[in-house]
Amino acid sequence: MAEVDRRVLYWVMFIALAIPFINPLGLPVPITEMTKAVYDKVESLGPKNIALFSIAGGVSAWPEIAPSMVAVMRHLVKREVKIVVWGFFTDQDITVDMITSNVPELSTKYKYGEDWVYMGYLAGGETAVAALASDVHSVFKADKYGTPTEKLPLIQRVKSAKDVDLVLTVDTGSYITYYIRHWNVGKGTPVAEIGIAMQADQVVFYPANLVGLLIGVRGGAEYEKMIGRLGGGTITMDAINISHLLFIIVIALANIGYVMTRRKK
Amino acid sequence: MTKATYSVGADFLAENLEEILLITTGRGFSFVVLVLSFIFFYIAIQLAKKGKAPKIRRMVAMDAIDEAVGRATEEGKPVHYSPGYAYMTLSSEQGPQTLASIGILSYVAGLCARFDVPIIYNTCIADSLPLVEETLRTAYRNEGKAEAFDPKCIRYQPGQSEYVSAVLGTFQRERPAVNMMIGGLYYEAVVIGEAANVIGATQIGGSANIHQMPFIIATCDYAMIGEEIFAGSAYVTKDPLVTSGIASGDWMKMLLIAITVLGAMLELSGVNVISQLLKW
Amino acid sequence: MPYPTDPLILSGVWASVILTLMVYSYVLYKETPVFRFAEHTYISASLAISVVVAYQTLSSNAFLPISQGDMTYLIPIVLGLLLYTLPFREVRWVSRYPLAFIVGVGTGIAIRGSVHAQMVNQVLAAITLPKAPQPIDWFNFLFSLVAFLTSTSYFIFTREHTGVLKIPTQLGRYMIMLALGSYFGNTILFRMSMLSGRVEEILKVFGIIPWR
Amino acid sequence: MSSILRRREIILFLTGIVGGLMIFEYFFAVKETAAVSSTIQKWAIIISTFALGLGIITAFRVHLSHVKKRTKGQWFFSAWLMGFFVLLTVIGLWNTKFVVYDWTFKNVYVALSTTLYAITGFYIFSAAYRAFRVRNIEAAILIVSGALILLRNAPIGEAIWKGFPILGEWVLMKGQVGGMRTLTFVAAVGLVAFGIRTLLGMERGYYGGGE
């Protein structure tokens, strides 16, 4: 019992993950404090405010972060907040396409250049984040589509970190720490994170003021519930429930097997 | 895919330096710590030269290398070695871990050369290739078997997941008896570790990346945690540097523990001199 | 959204799902020529993409400044080309220069960042008192502090873990396990949502669940 | 000339100087070094980019030999790898928007990256099955902490018992912090000691051992 062929485990997991997509369970998703804090912050913003949506996560992490990205973007659009988008990943254009196709208001209700703007890709890691905090215009001369910044009224208003009311950093790595160091500690701009689950362990002991954190797909599902528009996160939550239950069961079985084989000896 | 249209230039940094530095004040004490690290290291070396080097505890994982290579010899199977993702370059903050890993590789390759065990090295770090090749070549030459070295044992893949897929394939096709993964590991730790368990390989793993420690411990027979991988190369070569490095590290830990205890007590009694010092 | 009909998109989603299943056949069955094909296709495509990206990086970061008259960028190009002395035995040592340079940068960056963020800032955070404390906050503060001190004592290598150090090091090991367990648990959440993403994609393309 | 340039001391000195500059720039507000250090980092990126060619040589060395020797069950794949690489590189350098390149990028490269990234889902399952056994108190703590996080992250935990998410939240926000802080801390201590040895030219293990 203690030595099951691994492939049995893998097949069980593979099938178990498929079931909830075919036959949703729809267990309720309770709201956690970290997510509520991000929601409340966005809720407090309005048409006069500017939010920065920074993309530092690749397409390969979509299943974990896409639900939160879409839900937060929908909320921003609902509150009519002005949105500046830029990012640090080479495949981010595909991500921006995904967001705009899921949030059609960006092309209907919003006017590009005035209400939202996509500045494109930036290399340079922490140095770049620090530079942007003090002078956006010297880093970006034009947006992604080659329109010079002078012709983009929204980016004209964003000269440095001080002109931004909330940073939402989508992050699968260390960009949250860069934003905390240079935008929050340096300039006092509130920073919130859309992250992958493991970042929770590290962010909580980082000595800084974080507005809140959407922890992976769980955070996305909670956010969808709060904005009242269920989506990918909520659907995936069923798969999370099933798989996590499976982990608990398998760990329990492994221990029963372990204790029994030890008794025999 | 987009081109790197903009990046931050030197001229920009120079112009805005004061503002940037304003953000990063608070490095004063860090600098003191760094200088103290140098001083502690110097003292430890002087002590070692006088034969007063402190004893350190055994490193089980390093001692296990000989045994593992011995097992590969008996079974007539290769040894697999890989340094992890490490941001795919020596010029990142993961670079030192790759270097430490190559240091341990030079010992492992020597053993492999001595016992005529083939070694397979999979990597995705292109700029480490010259070092790896030279390390392996030298290890073979030092054993007097220069002609036995085949550079085709070094396999390169251009990215993290590519490297993972190649290692998975290598395991089933060439069935190494030993898998060693030491360096700046990321998600590959659990994948390679479990895939190596499937083929029953003896595993020695090590990394200073905290996020992979649970998985190295879970999958490997022998695990090197944190600073052990940095001490590894000097440990196997019986270099007095190792004790000096570890001893000076220990002093630094004790010093900072003392500061923590003192700081906590002062903070609790309302004196914030230590926290001000740390923020300096 | 309806199931895609555009032949380009349709062929794309089928290709990606078939390649995915080819890779998972390794896990769910065993290494076969099917997996080998996916593996080699992937590495091949990635090598080509890396060359294209490298070319783009060099044009915007090196060739562009040179064309604008900044000749200092010839230095890294020459250093980069020196790497290619590696296959020639007599001049192989020259390739150590670019390496020495890269190693210096990496080591410098690693040291300077870790002293500040991983050492000094951690001590500072450990002694920072809770704001507006309730009794439970005091408990948490002391718990973290004791956990930090005891688990650090476990990493002292030059003293035997007996006598005064016996109890702290033992307690420290427990605290480390608490942290590792937490990390393990969070990683499971991340990995499960990634895998369920692939499963969902497969089900979608096979038409088992509606396209969305 | 070459006998001087060949000396190890000179090469090690270059490492020390470059590394020292990176450190100096971080701690001191000297305008000139900041500019120099930023340039140096850019140079390092350029040099590393050149190294890709070495990677391709290394890969082709292996695969050409397979094709020449007609290695059973391998040579065909090696030939495919090299042929497809050449084709795609030529197309990509010509025009990245061309349909073959763009299609391969999205449906092969991105899709397989995601697939391999997700393969961990299987392996972490069997790793948990093997590792989470109550062998001693340490293992028991690991299991309890991991299980509480699982039951916090999945809403099903709350459905089973209201206390699970509360305990899980405590482990995540408070309980694990001290241990995690130590791991961060000691890894840095080891790294700094190693870095000092490298910059002082005393860490020779990496330097290919001899000569």
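For reference, chains read A, B, C and D in written order, and residue numbers begin at 1 within each chain.
Here is the rule we use: a contact is a pair of C-beta atoms (placed from the backbone, for glycine too) under 8 Å apart; a residue touches a chain by one contact, two chains touch by 3 or more.
These numbers were taken from a predicted model, which means no experiment stands behind them.
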{"item": "Central chain (by mean CA position)", "value": "C"}
{"item": "A-C compared against C-D, more contacting pairs", "value": "C-D"}
{"item": "Most widely separated chain from chain A, with each centre as the mean of CA atoms", "value": "B"}
{"item": "Chain A and chain C, separation of their C-alpha mean positions in angstrom", "value": "18"}
{"item": "Centre-of-Cα separation between chain B and chain A, whole angstrom", "value": "31"}
{"item": "Centre-to-centre distance between chain D and chain C (centres being mean Cα positions), rounded to whole Å", "value": "5"}
{"item": "Chain A-chain D separation of Cα centroids, rounded to whole Å", "value": "22"}
{"item": "Chain D residues counted as touching two or more neighbouring chains", "value": "23, 26-27, 38-39, 41-42, 44-45, 47-48, 51-52, 54-56, 59, 74, 96, 105-106, 112-114, 116-124, 126, 128, 130, 142-143, 147, 150, 153-154, 172, 176-177, 180-181, 183-187, 189, 191-192, 195-196, 198, 206"}
{"item": "Touching two or more other chains - residue numbers and ranges from chain B", "value": "1, 3-5, 7-8, 13, 20, 27, 30-31, 34, 37, 89-91, 96, 99, 127, 129-131, 134, 157-159, 161, 165, 173, 194, 210-211, 213-215, 217-218, 226-227, 246, 249, 253, 256"}
{"item": "Chain C, residues touching no fewer than two other chains", "value": "23-24, 27, 36, 38-39, 42-43, 46-47, 49-50, 52-53, 57, 61, 83, 86, 96, 98, 102-103, 105-107, 109-116, 119, 122-126, 128, 145, 148, 152, 155, 179-184, 186-189, 192, 194-198"}
{"item": "Touch list for chain A against partner chain D, complex", "value": "4, 6, 9-10, 13-14, 27-30, 32, 58-63, 91, 94, 127, 197, 200-202, 204-205, 215-216, 218, 237, 240-241, 243-248, 250-251, 254-255, 258-259"}
{"item": "Contacting residues of chain D [partner chain A, same complex]", "value": "38, 41, 106, 110, 113-114, 117-118, 121-122, 125-126, 128-130, 132-135, 143, 147, 150-151, 153-159, 165, 169, 172-173, 176-177, 180-181"}
{"item": "Touching residues (chain side chain B, partner chain C) in the complex", "value": "1, 3-5, 7, 27, 29-31, 33-34, 37, 54-57, 89-96, 99, 127, 129-131, 133-134, 157-159, 161-162, 165-166, 168-169, 172-173, 210-211, 213-215, 217-218, 226-227, 246-247, 249-250, 253-254, 256-257, 259-261, 263-264, 267-268, 274-275, 278-279"}
{"item": "Complex contacts: residues of chain C adjacent to chain A", "value": "24, 27-29, 53, 57, 61, 117, 121-122, 124-125, 128, 179, 182-183, 186-190, 192-200, 203, 208-209, 212"}
{"item": "Interface residues, chain D side, partner chain B - complex", "value": "23, 26-27, 29, 31-32, 34-36, 38-39, 41-42, 44-45, 47-48, 51-52, 54-56, 58-59, 61-62, 65, 74, 96, 105, 112-113, 116-117, 119-120, 123-124, 126-128, 130-131, 142, 180, 183-187, 189-198, 202-203, 205-211"}
